[in-house]
């Protein structure tokens, strides 16, 4: 680009952006590279190998990782499904419910899980479960995850719904669709990109959670983050790097997917206007 | 539709997880303290699915159990003084006479111990010592003194990792000062507090789980550590030496205890009996590099274990002492000192 | 926000009659499993600690007393203000502030740069910035720990190219924690600032330039005030989670000195086992966050009017 | 015969705001009925009340004699063409048109047949499998029409359906709408703020302003005999001259203007001598001449003239500050000899002057 004088341009900002990307990606790339290290030690380079990837699936800790992965994914999927359903209903209630008394309070309540620091949520949930005698286990993790996933699912869903003109619903109703049909055949398909984005966000957030899970997980139950934390507490081992790389690739695949879904939704929305 | 099937499967898995455990055993164990092969062996032999959660200090195990995981675990592996505390808190189940077939395998000296008279709740697991190791590349001077921890020479300042374990740190400090543990004497308690406050300045980090790694990676030059763990660190390439200081060191015994409200009590007892078999406990010893308290293990043990410097206190070293259990008043002051140290 | 032509209405008569039923699930779930627990936690902070963990259901102010006052080792001296915990909070606030400033220093130019790209490449840049956020926070923190170890790749690289003579000691320092927090929450700073700069009308810059303002003056006295809401929003989004962060201090700070997060954790999972105190510390943290959020809401309201 | 729609004393409040008050009107079957008014006058609200999207604060709405107030929109045999069409973006043309039939539980074969019929009717053959975003605005309009008419509504409601189209297309669609209405015999209730649209298509027009019904009548009545000053002003162009009544003969009044000129006019209601009001004069019903003709005349001085293609518009200054707009067709009138400043006579066509009292 040849700029003689560009008022929007500040020298050095491009450099900072590059620095920013280096900082963001540097550690991840290093971990990726070292996950192929054919050496017991994490400090020395011993050539390229896939041994640590093999190790995750067949090594001593493989059973633990498999169980943790299974727990993580089942909990994340169920938490994401339930919280997405609740958040979708809440979005319609908030965005399409008109003005009502307590709307702000309702919004505050829905966003409460985002506003309360995670460690506080963890403490409060632990105290609560222990007081009512709720047995800590997979179910306790699932319930807690559903709670804090709701606002994360709510945000993209309600943003999408806000951009949808209410006349679609009126048209559907005018054309003899009842409330459920209106939702099922008209509103939901148009909201779909938002719902999907909300689901993915909730899924990732659940998959990502460490603090709350660590507080309220029951005996013998690990999710991937707690299992990884347990391992890295004693020092970073090469198999953890391999596992991290796999998770990292999974996350990137998921976010790329959601990016393209979002883009498609955006395009159709734009075309309508 | 695929997703529906998947949800169904996931729901089923959750239910299965929370359903009453048949053929299961839930162990609350120290980290890196049991070889996976041995767990596998038990699992196969008794057709029991074993899950192991780990902790990194006696105190945190107690806290976690009291925070709602009691009733989910069958057995735990507390240290000596913690057995006494847990028994006092009513967290332990009693093993009736005859419930463990291999009770007779326990070495006599570990049969009737002060922290569990008559072995009503526990069996021996491993015993060893707590002291510290020094990287010989970083420091070549005299390491036979607790000054290394509490009053370190210049080149070791800021390169010390200390176990995040209240009982052992307080006991070492008391040894350093030459005062009795759980002393109720105000002046002695004050000097204990002052010692730890001043020593903290020179410490880099607190951590039990990282104790080995920081020595291997070189992140720390001195590490308060258990003897077997130190041996493992040395085996992994750290040029370190384990110290048996003149002032004395901490001796401990970890024990497998039967927890109250164990969901799989029968399997727990099977597991304990399993660990009383010389061949099995020897596998633990070979892995953890400490010593067991079971008769007849010698033939199964690595020969090296007997001669390892970590397992053989040098002549002239101070005496090894167990961590004492204090009365509530003193313990509360201890807690106060510890809190001041850790925050 | 309400897009669309025509009526532009987003209120549909069809769903408002059932809005209560639509909102009820979220109210119940969050109310029962979060609001109620928080209230219970508040109650716990006024209970008596049981020796060796647990609580006794007896009213007591000792948790807050322990937080604020030093009554000596034996609890019988006259109370003086105790700085231990206050310092932990101040330290956490400073750490969070440090992380926020770091995020701002790197995040603002980045956000500005992205917002001044051509339309098509903006999404690509944003995508690049946000991808790492989707990677597990634990993995990111561990990666950072691995990278900055004394014997880690970064030090090795610097030693090899002769940039330094001795390894830089970063791990287990305050800076490491700030770096970790910065790394955890950077996208939270970039995105709101980007949104603000994108809305900024560059005609202002042109007018100012026409009126003899230098570029630095334009940046400082025209762009910054206009995009201030984005900067405030970004700062809040970084500051608040940093305040109660657990992973970065624990893994990168060496856990030698407590931060709020690890202090609280220690009361429940660690050695301390003092539930009322943990609950009280949580309440204080929560109040702190709510104050910040209220300040933010106020600022936003002021900006809008 | 029952009327298609009867509104009686209908009122709508939004909080403290009154959007509509006391609307009573009868819409006949097979009628092309237009609700005309400036934006915000309440016409759309009225339409939405008939459709069922808004409930009434007071009054009753009957559809072919049946009270429909309690029915939700999906139970009312009326359909709506929305201003922005509200075509479902995720469905193609066929699915959009067949939507209501699917909701009504028709069989696939019957739906197919009806959709084909509708596609034929609105001439959309080539686009049936396209999504709304892939067709032009005019085509979208046709889909919206076909979709609303597919279930054979008794009454079709159209909410400014042409406002999103450009001028040319709009004029085309007017004819098209008129044709569809004639062919199907469905009662159309058409909402618009465009008086030209209203005049050209409607059988009858109801003019609404400020939430009140101002006048109902055929386009001719509304235009030629506006009931009040608002309508005269809103529909078409007019000259408004303040006047006082001198003599009364039924609805015929003799008045004098502020400048003393005398005029005869038709009043909108019974008046007494001395009543004040305005006289509305449509510019195209006036003509200028240099010589004094017979009949009602006004004298003035020619002001500026504007050439408008088909017409020429003159401003005639009367006594005082009064100005008159006069429009004359260029095809029958050559205005070349008129120059600014010339004294002229203004002739008023028979019955062209309306005396309006507010």
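Which chain is which? They are A, B, C and D, in the order written, and residues in each are numbered from 1.
Assume a residue touches a chain if its C-beta (ideal position, glycine included) is under 8 Å from a C-beta of that chain, and two chains touch if they have at least 3 such contacts.
Just so you know, these numbers come straight off a predicted model, no measurement behind them.
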Task: Write down the chain pair with more C-beta contact pairs when A-C is set against A-B.
output: A-C
- request: Find the chain most remote from chain A, comparing centres computed as mean CA coordinates.
  value: D
- request: Kindly work out which chain lies most centrally, taking the average of its C-alpha atoms as its position.
  value: A
Query: chain C to chain D: how many Å between their CA centres?
result: 60
Field: Distance from chain C to chain A - Cα centre to Cα centre, in angstrom
entry: 17
Field: Where chain B and chain C are represented by their mean Cα positions, the distance between them in whole Å
entry: 36
Statement: Each of the following residues of chain B touches two or more other chains, namely 67, 207, 217
- prompt: chain A: which residues touch two or more other chains?
  reply: 42-43, 126, 165, 167, 170, 173, 269
- prompt: What are the residue numbers in chain C that touch two or more other chains?
  reply: 4-7, 13-14, 151, 268-269, 275
Statement: Residue positions on chain B within touch of chain C in the complex are 57, 59-60, 62-64, 66-67, 85, 89, 164-166, 186, 189-190, 193, 203-207, 217-219, 328, 331-333, 335-340, 342-343
Task: Please name which positions on chain A make contact with chain D in the complex.
output: 165, 167-168, 170-178, 181, 185-186, 189-190, 192, 268-269, 271-272
Statement: Listed in rising order, chain D residues that touch chain A in their complex are 51-53, 72-75, 78-80, 82-84, 86-90, 99-100, 102-104, 132-133, 147-148, 151
Message: Under the stated contact criterion, what part of chain C meets chain A in this complex?
response: 1-16, 18-23, 25-27, 29-31, 33-38, 40-41, 44, 106-107, 109-110, 112-114, 116, 123, 125, 127-132, 134-140, 142-147, 151-153, 182-183, 186, 190, 202, 205-206, 209, 215, 218-219, 240-241, 243-244, 246-247, 251, 260-261, 264-265, 268-269, 275, 278-279, 282, 285-286, 289-290, 293
Message: If we count contacts the way the header does, which residues on chain C are in touch with chain B in the complex?
response: 51-54, 73-75, 84-85, 88, 149-151, 171-172, 254-258, 263, 266, 268-273, 275
